[in-house]
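Take a look at these structures.
Both complexes below contain chain A, partnered by chain B and then by chain C.
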Partner chain A sequence: MKLNSRLLSSRIVLLIVSLALGLVVMFAVTSRMFDGSLDTMKDTPDYTSVLLVNGLIAGSVVLFVLELRMDAVRVVLTVIVALLFGYLVTAIFNLDSAQRFTRGEFKVSLASDAAVPDVEDMDIQYGRARAGDFNNDDQPEPLEEDRYRFAGSEGDEITILAFAARANVEVDLQVALLDADGNELAKSTEVTQEQIDAYKPDLKSTKDAAITNYTLPADGLYTIHVKPEDLSQSQIIKEMLSKTRVAYEAFLLGPVDRVLRWSFWIQDALTLILLGLSIAIVFRAEQFSLGAEGQLYFGALVSGVIVLSFGDVPKTLLVPIALLSAGTAGFLWGLLPGALKAYLGANELVSTLMLNTIATRFYEMVLTFQLQPPDAGYTASDWFPSSGQLTPIVEGTQVTIAVYVVIAVVILTWLLIRRTPIGYEIRMIGANIKFADYGGINTKRTIMLAMAISGIVAGLAGAHLGMGIHRKLILNISIGLAFEGVVVALLARNNPLVVPFAGLLYAYLRTGARFMESDANVSFEVVRIIQSIIILLITAQALVTIFRRRRIRRRGTLDLDLEAGANGGLPPSLPAEEGAHV
Partner chain B sequence: MFDDMLFQNVVDGIFSAAFLASMLRVTTPILLPSLGALISDRAGVINIGLEGTMLASAFTGVVFSAKATEWISPAISDPMLPWVGLLMGVLVGLLMALLLAFFHLQLKANLILSGIALNILGSSATVAIMYELTGDRGNTKGNLASFKMPFVQLPEFLADIPILSFFFKIFDNQSVMTWIAFFSVAFVWWFMYRTPVGTHLRAVGENPDAAASVGIRVQRIRYLALLMSGVFAGLGGIHMSMGYLAFFQKDMTSGRGFIALATPYLGGGNPIGTGFASLIFGFFDAISTRIGSLEIPSQLPQMVPFVATVMALVIYALQSQLTSRVRTLRSAEGEEFDVNFWGSIRRLSVLHMFLAMLAIIGIIIAVSMFSAPDGFKGAGENLSTGKVVSHGVAIALVSLALIVINLPFMLNVERIGHWRWWYSAGASVLSLWIYLSVFFILFLIAIDGQGVEMADTLIIVLGLALGLISGALIWLRLGGQYLTHNHHLAAVAAA
Partner chain C sequence: MALVEARDIVKIYPNGVLANDGVNLSVEQGEIHALVGENGAGKSTLVKVLYGLETPTSGTIQLRDKTVHISNPQAAIDLGIGMVHQNFMLVDSFSIAQNIVLGQETTTLGGLALDRQKAISDTEALSEQYGLFVEPAARVDTVPVGMRQRVEILKALYRGAEILILDEPTAVLTPRETKDLFNAVRNLVAEGKTVIFITHKLREVMEISDRVTVMRDARNVGTVVTAETSEAELARMMVGREVFMVVDKPPVEHGQPVLEVRHVTYINETGRTLLHNASFNVYESEILGVAGVEGNGQTELVEVLTGLRAATGGGIASVDGRSVLGYGPRKVREAHVAHIPEDRLTNGVSVMTTINDNLIVDRYYRTPFTRLGMLDLNAITENGNTLVKQFDILTPSGELPVGSLSGGNMQKVVLARELSSSPRLLIAAQPTRGVDIGAIEYIHQQLVDKRTDGLAILLISADLQEVMKLSDRIMVMYNGEIVGVFPNTPDLTEEKLGLYMLGAERQPAAEMEQYL
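Right, the complex of A and B next:
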C-alpha cells in the first residue's frame, strides 16, 4: 500500500513535469515563430493548424518524458554532449575566419598640394593612387606586402591613405612612411572617426590607415610601406567564437525563425518519424536491418507511378490507394531480406545494404527511362496531378495531412508492438531468441514478418517524400535517410511512442544544419558528424553502468521503478520494459 | 552466327589482357577491405565501419600527399609524397578502428551500430573538411594537387617471351597498391595459420569463453583484429583515391566497404578464398563497365555486383546450414559419419550456387539488352532488333536452363544424400557443360579474331567438346566420383 502510493505520487509528479515541459516547448516554438506577437500570428494563414502541430509537438514531449523517465535525461544529455562536440568542430572550421582581415583589394593614395618633383621611375606621385590585392590565393604568388617609392621635397605636406577598395572588403591595413635609408618616419594602423569623415569616400572604416598632413623633413626619396596588420591571438579567437556563435544560432534557432522554415522542420520530421518507426520495429526483434532505404525507394516509386497514371481518379480514392500500394511495395521488399535471414540465415545487414543499392538503381532506371518527360532538362518525373498530392494543412507549405497519417502510424505501431500477439513475439525474440524458440514461437516467421512490416512503414515514408514534399519523383529522393532513421530509433530507445519526439528533435538538428550552411557557410555535414557521436554515445552501455553504479552507491539501493526504463541496452530488455508498465 | 562487330568487340574485350588487367585494378579496393573484414570476422568482432574508414583514409592520403611539403617539411621530394599520404592514410584508418574498438570493447557499445556510426563519421567528416580546405563539396580535383602511388614496371624482356607476354600485359604497369593487395593475401594467410597470434585470433572468434579459459587474452586479440582491419581498409581507401585517380571524391568508395563484408562469407572464411571471391567481384565490376559501353541503361550493369553479393550471402548461408546440419547428424550417428562424403556435397553445393549466380547475372545482361533505349547500339555499328532479341533470348534461355537444372540442388542442399547419384552427376556436369562451352566458344572466337565465317561449326563443336570434358573433370575433382561410389556410406542415406 505504501509502495503503491509512492508509485502513484511519482507518476503524478512525472505527469506534471512532462506537461509543463511540453507547454514550455510549445510556447517557445510558437512565440519564436511569430516574434511573440499575437497580431503576426493572426495574419498568418492557417495559424490554427500551426498551433495544432505545435500542440502535437508538446504532446510528443509529454510522451517522451512519461515513457522514458530518467532515461530521457540521458537522451537529452547525449544530444547536448554531441552538440558541444559539434560546436568544437564548427569552431575549428572557423579558425581561419579572422583571415579575412588580411586579404582583399586595397588602394593607397598619396596627396599633397606641393608640386610634383621631377624624378623619373617613381612608383607613385602626388595626386595619384595605387591598387593591389593582398593574399589572394588565386594568384600564383599572393601579395603579402607592398612598397611604393616616391620623390618629395622638404616641407611638402603630404597625406597617405591606405584603404579597402570596396565596402565589402574587410582587410585591416597598416601603412608606414620610410625615408631613403629605411627608417620609419610615421606609421598608422587605424583611423579615427574624424578622419573617416574628413576623407570620404576613400576611408570607410577604422580598419583603414592614414598618415595625414605629414611634413617631409628633407628632399629625397621616400617609401610607402603598406601591409595587412598582423593578427593577434585574441583577435583570432574572438573572430572564431563570434562566427561560431552566428553559425550555432542559425543552427539552433533557425528552424523556428518563421513559418516557412518551421514547415521544413515539420515535413522532415514526418519522414524521419516514419523511418524511425520502421527501424524501431526491426531493432525490437534484434534484427539489424537497414532495408528502410530500399523500401522507401520502392514506396516512392510505386506510389508515384500510380499517382501519375491515374490522375483522373478523385483524391479521396487515389491518395489512400497510393499510400496502400507504397506500403505493400515496402512490405514485399522487406519480405525478401526477411526470408533470406529467417530461413537461410543470411546476414541481414549486408543483404539489406545490397538490396538498397539494387532498389536505388532500379528507381533511377525507371525514372530516367520511363517517367522522365522527354523535354525535361533534368532527371525528374512530371509534377504529380493535384489529386495525387497530399493536401497541405498550412497554406504555402508542404506540411500536409501526412501529419494525421503519421499520428495514425505511430498509434498503430504502438498497438502492434504492445497489444498484438505478433508484437509480443517480436519483443520476445528481441529479448532472447532461444527462449522464444523454446517457448514455441515460430521465430523464423516472426523475424520475416518483422522485417516486412517495418517495410510497410518505410514505404509510407517514401510515399510521403514523393506525394507530400517533392510532389514529383526526383533523383536521390533520399540520401541515406535510413541511417537517420537509425538515430531516431536509438534516441527513442525503440519505443514507438517516443519516436515522434526523437524524430522532431533530430529533424530540428538537420533543418538547423541546412540554415547554418546557408546563413553561416558552415558545412551541413557537421550535423552528420553530430549524428555519429550520438550513435556512439547512446549505444555505449558502459557509460550507463558507470552512472548507475554511482547512483546505487549514493542511495544504497537500486530504485527499481525509476530504473525500469533505463536499462540502457539496445533494444531494452523485455523484463525491464514490462516492469515499467505493470 | 556471331558475325556482328559489337558482340565481337565485347568478346574481344572480355578475353583480352587489358580486361584482366583492369579486373585486377578494380579488385584491389575490394580485396584489401575484404581482408580487413576477414580478420575482424574471424576474431568475432566484424568491422562494419570499413566503408567510413576507407573514405577517411582515402581523403587523408590525398590531403597529405598534396600538403605534406607545406605542413610537414618542404624537404620531402616528389616521389616520397604519395608514401607520406599512404602513411597518414593508414594512420587515420588505424585511428578510426581504434575508435570503434574503444567504444565496442571498452564502453560496450553495440558493434554494428558503432560501425554504422563510423561510416557516417567517415562520409561526413571527409566532406566537411574538404569543404573547409577547398571550398568544394564534390571532389578535390583541381584544388589539391595530390599524387598517385607509383606503378610497378616489370622487366621489358618478358614481353618478348611468347606465353609470358600475355601475363606481362596483365601485370605490367599495375599500381603498387595492387601488388600490396595480393601480397597481403599471402601475409594474412601466414598470419592466421602460421603464427601463434593468428591461431589465438581464430580461437577467439570460434569461442571466446573457451579461448579465455586457456589463457588467451580475448580483449587484446580483438583490439588487434579491429586495428588490422582498419589498416587494410585504409590501404583500400588509399588505392581508391591515389591508385589510378589522383583526387578524392565525395563517397567515392560507393559501397565497396559493404561488399567487402560479404566476400569473406563467399570465400569460406579463409584468405585465399577471400582473394578469389574478391576477384569474382572485380570481374563483375570490370564487366559492368564493359557492358556499360553499350548503350543500355547504365543502372543495370551497376546492379550486377550487388546482386552477386546477395547471391554470395545466400551461398554462404546455405553452406553454413549444411555444416550445422552435418554437425547434428555427426552427433546423432556417431562414428558412422563420413567426412569425405559431406565434404563432396559441400563443394558441389557451392559449385551449383555459383552457377546459379552466373545465370542470374546472365539474365540481367539479357534484360539490359532488351531495355536498351535506342536498340542495342555500340562499337559504331547499328544492330538490327532481330539480333538483339536473338542474343538476349539466347543468354536468358541458357541462364534459365541453368537455374532450372540447379534449383533442386540449391533448395535441398542438405538432402543430396537421398538422391540417386546420377542426378547430382547429371546436374553438375550438364550445367558446367553449358557454361564452359559458351565460355570456350567465346574464347575461340576471340583468339580467332577474324570474324567466324570459316569455321563456325568447327568452333562450336570444339567449344562444346571442351566444355563437356572440363565439366566432367571439374565435377570429378570436386568429389563427384567419391559421391557416386560411396553414397551408401552416408549417414543420411543410412537413416
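Right, the complex of A and C next:
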C-alpha cells in the first residue's frame, strides 16, 4: 500500500537521522574527553569501558529521536530556551565582574636622584612608597582615590609609579601629578611593555600607571593623585561577556573535559535514570506520587545494612542480594501509599510526601544511633566492605557495574509498560481510569502495583547511591534527588526508552553546573533556574495536551468530526500524541 | 427579499480544518428555516458565524440587503440576532426574571439597587406576549429543562431579537415538551419573528419548518420547501446516498430468560432512592427497550447491572442463572454481559489510546492476547484489524488514537469490542447518541441482527422513537421505578408512553406481571 511504503520510508529516514546524531554525540564526547588524541585514549585505563558507555549514550540519543520524533525537537528547544535563560542569569550574575578593576591593594612610589627638600608634614618623599586599598567593601569608608603631597625643587627629575600590590590584584590605576594650584602637570593611565621591563618587579601589567623621568618646573609643593581608572560601558559589557563565556564553557563542556569529570556525569546520570524510570511508571498511571525519595532512602538503608553486616559473603552473592533487598524495600514503601490511595482514597501526593519524611528521619536515626562508628567525626557509616561495593568498570572512578543494572532496568520497565498485562492496565488507568474500570480492570490493584513497582526502581537508585557512589551511608544521601527524577520523567514524556537520554541530559546540566561553580565561581543556583524553566515549559506543554483532551471529552466529537467531514469522511491522521508510538 | 443571507462563507479553523466551504444560506422574513446535517457537516460553524462567535475566513453576511460585519455576539444582538445554545447559558442561582434582564437591568436608587419588581413584570409581559410560560420568581435550578429553554428564548427576545437561532433545541426535551416548544415557535413566527432551527431529527424538520437547508461535508447541498420534500429525500441529501430508515426486523419468538432481575434497589450516598425495586426479565432473541426521560434511574440500573455500582439491599440479578450482582465489571463480563455505555467518551473509549488497545480492554489478559505473562502484540493487532474491517471502522490504521475518529466511528469501536466478546446479554445505553445517520442505520441493523441471532438486548435510549423502532417489549421508568411494561404492538403510541414517562399513569401490578 502507498501509505505503508510512505510510512516505511519515513521510518528509515528517521532511523538514519537518529543514528547519525548518536554517532556525532558519541564522537564529540569521546574526542573532547581525550583531547582528540588516540594515544591519550589508549593510555587511559579501561578506555574500552569508556567507549562502551559513550556508545550507550549514542544509543540513548537514537532512542530519543526514534521514540519522540517531532517531540524530540520540542524537548531540545525547551532545553535550549532554558539554557539561554540560564545564560542571561549568569550574565547578570557577572554584571559586576568589571568591578574588580576598580578595587584592590595598590602602591605608589616616588623616586628621584635629587636631594629631598627639607619640608615638614609631607605625605611622601623621594625614595619612599605608600600603599592603600581601593574600594574595599570591608572597610567602613572604602577608599575611592588618594592624594599624596610632596615637596620638590626646580629641575628634580622624578619618577612616579602606581601599581597593584600583588600579582593577583587586577586594579587598573591612573596617576596624575598636580602642582600646588591643582593644575595637572602630567598624567598616566597605562604603561608600556618597556616600562614594565624597566621597572621590575614593581610594574607588573599594562594596567599600572607611571610618570617617568619628569622634570619639576619649579620649587614648591606637588600632589600625586592616584585612583582606579573609570570603567567604560564597553569595558563593563566586554568583561561581563567574557566572564560569562568562561562560566558557560565550564558549564557546557566541563563534564566531558576529562575522564574523572565525565565519571561524575555518568554516575549522576545513572541515579537520575533510575529515578526518572520510577517516576515515569507512576506518572504513566496518572498517580502523582513523589514517594521515590523515601523509597530511595529505604533502598539505600536496607542494602547498606546488608553489606555492612554480611561483608564476608562473596561479592557475586552479596551484591545481587543487596540489590534485591533494596528493590523489595522500595516495593513495600511504595505499596503503602498505593494501598492508602486505592482503599482509603488518601491523596498520593500528600501521603508520599509524609512518608518521605518518615523514611528520611528513620534513615537518619538508624545511621546516627546504630551504624555510625563511635569514633567517627561526622555522621556516616563505615566504608562498605569491598564485597559490598559495586565494581567500577572504569578504574579510578565510580562508574560501576550499575551501568548494566540500569540498562536491564530500562529494558524491563519498557517491557513492563508495553508488553505485559499489568503494563496495559497501568496505561489504561493512566489514559482514562473510568474506561479501565468499565473494561473490567481492577483499578485499585493497578494503582497499588504501579506505585509499588515504581518503588522497586527508586530503591535500586538508593542502592546505587550507597554501594556505587558513596560506598558508605552518609547523612543526606539524597537531597531532593527524586524531584530531579520528576524533571527527567517529564522531559522523557514518561517513556522508559527516552528516560536514559533525559537522565543523561539532565545529569549533564547538573554536573556542568558544579564545574561552573568551581571553575568560574558562578553559583549552582543558576542550574536551579534552568531547571525551573524546563519544568515550566514542559508543564506548559503538558497543559496543552490536557486542554486538548478535556476539549475532546467535553465537546464530544465536534472538532474531530469537523475534520472528518472536511476530509471527505476519512479521519485525519492526528499527530499521534501519546498512544500511537509510546 | 431575504432577511438574512450568508454568501460563500468559508471558515478554516486554525488547525486547518475546513468547516465551511462556500456555504450559502438565505432566510426569509417570518419563516421557520431548518438547518439539518450530520454531526460535523458545518451547521454549528455556520450559525456561530451568524452569531459572531466565529469570524469567517471569507464570505459576507447580508442583513436586509446590507452587508454587515458581526465580530462578536454583542454585535449580533444589536442587529437583532439572538441565539439559544444547546447548553443553556443561565445563572442557576438567579431567578428566571433576573436571568432574563441580566445585563440590562433597570436600577433604582441611582444605580445602586436592582428593580426586581420591574424585572418580574417585564418577564410576565414578555411571557404573555409570546405564549412562553415561565415562573418569573422561581430559581433557574429548580425549574424543568423545558422551562429553562423558554427562559433562554425570552432572554433573546428581551434583547430585541428579530431572528432567533435555536441550536438543537429538542435534544433535551420529552415529546410533550417538544410539542410545547413547537407551539411556542409557531407563536413567535406569528408575532413576526424569524427562526433558524438546527436539528438532525428529520421528523421535527417535517413537522415545524417552512424551508430546509441541508448541509453535508462543509457545503450546503440544497434548500427545499418542506411541503415539497420527504424524510427519505432529506436523509438522502444529508448522507449523500439512499438511506433505509426502516430497519429490517424479522419477527422471532423469544427464548429462555437470559437476564433475570428481582427487587434491585439503589440508594445513593445522600440517601436518595434512585432505583426502586426493579424486577424484569430479558429473553433470548429479544430487545427490551427502556423508555423514560433521562435521569429517572436508567443510568443507575445499567451501572448496577454491569458492576460499576453496588446495589443496595438484597436484590437478585442473574445472567443465565449466574448471579452478577455484587461483582465488579470483570466478573460481570465473564458472565457474557456486554455493555455499550451511555457516555462513550468517559467510559466507552480512551481517546488518547490506540484503536487496537481500545479493542482489547475486556480481553487483554486472556489468550491469545497474553501468553506466558506477556502481551502478544501480533494477536492484538490482528484482533484490531479484523474488527476494524468487520465493523467498517473508517481509519487508515488501528495504531491511531481513538480520538482521531468521528463520533460514529468511535461508537463502532465500542460496538465492535462489545459484540465480538460473544455475549449472551448486551446492555446498550444510548447506542446512537451523537452519531451520524449513516452510523445510526448501521448500529440499529447490527443490534437487530444480533437479537435475531439469539442475543438478549437491554436497550436504554432517551430517543423514544429509537426505542419504539427496535424493541420487542418496552419498559417505562419514572422516578427510579418501573411504571409499565408493554409489548411493542402497533397500537402502542408515543403519547401513551409519554404519559407513563411523565408519571401521569402507572400500570397496575397485575398487568405488568403479565408482560415481565
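By definition in this document, the second predicted complex is superposed on the first by the 541 of 582 C-alpha atoms of A that agree within 3 Å, B and C clash if a C-alpha of one lies under 4 Å from a C-alpha of the other, contacts with A are read in each partner's own complex, and residues count from 1 in each chain.
Keep in mind that, in the parts below, a residue touches a chain if its C-beta (ideal position, glycine included) is under 8 Å from a C-beta of that chain, and two chains touch if they have at least 3 such contacts.
Every value quoted in this text rests on a predicted model; they were computed, and no experiment measured them.
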Exercise for review: Give one of first, second, both or neither to describe whether A:288 is in contact with chain B, with chain C, with both, or with none.
Suggested key: first
Review point. Regarding the shared-chain residue A:529, is it in contact with chain B (first), chain C (second), both, or neither?
Key: first
Check your understanding: Between chain B (first) and chain C (second), which, if any, makes contact with A:539: first, second, both or neither?
Key -> first
Practice item. Determine, under the contact definition given at the top, whether A:84 touches first (chain B), second (chain C), both, or neither. Key: neither
Check your understanding: Thinking of the overlay built on chain A, is A:358 touched by chain B (first), by chain C (second), by both, or by neither?
Key -> first
Exercise for review: Look at A:347 in the shared chain and tell me whether it touches chain B only, chain C only, both, or neither; answer first, second, both or neither.
Suggested key: first
Practice item. Please work out whether A:440 is in contact with chain B alone, chain C alone, both, or neither, and reply first, second, both or neither. Key: second
Exercise for review: Identify the partner contact of A:114: answer first if only chain B is touched, second if only chain C is, both if each is, neither if none is.
Suggested key: neither
Practice item. Check chain A for residues that touch chain B in one structure and chain C in the other, and list them. Key: 570
Check your understanding: In their shared complex, at which residues does chain B touch chain A?
Key -> 48, 99, 103, 106-110, 112-114, 116-121, 123-125, 127-128, 131-132, 137, 255, 258-259, 261-262, 265, 297, 299-300, 302-303, 306-307, 309-310, 313-314, 316-318, 320-321, 371, 373
Review point. For chain A, which residues count as touching chain B in their complex?
Key: 89, 93, 288, 290, 340, 344-347, 349-351, 353-355, 357-358, 361-362, 364-365, 368-369, 480, 483, 486, 490, 523, 525-526, 528-529, 531-533, 535-536, 539-543, 545, 570
Check your understanding: Along chain C, where are the residues that touch chain A in the complex?
Key -> 13, 15, 17-19, 21, 38-42, 44-45, 216-218, 306, 308, 328-330, 332-334, 339, 341, 345-354, 357, 360-362, 364-365, 370, 373-375, 377, 394-397, 399-401, 403-407, 409-410, 434
Review point. What part of chain A is in contact with chain C in the complex they form?
Key: 3, 415, 418-421, 423-424, 427-428, 431-432, 434-442, 549, 552-553, 556-566, 568-574, 576-581
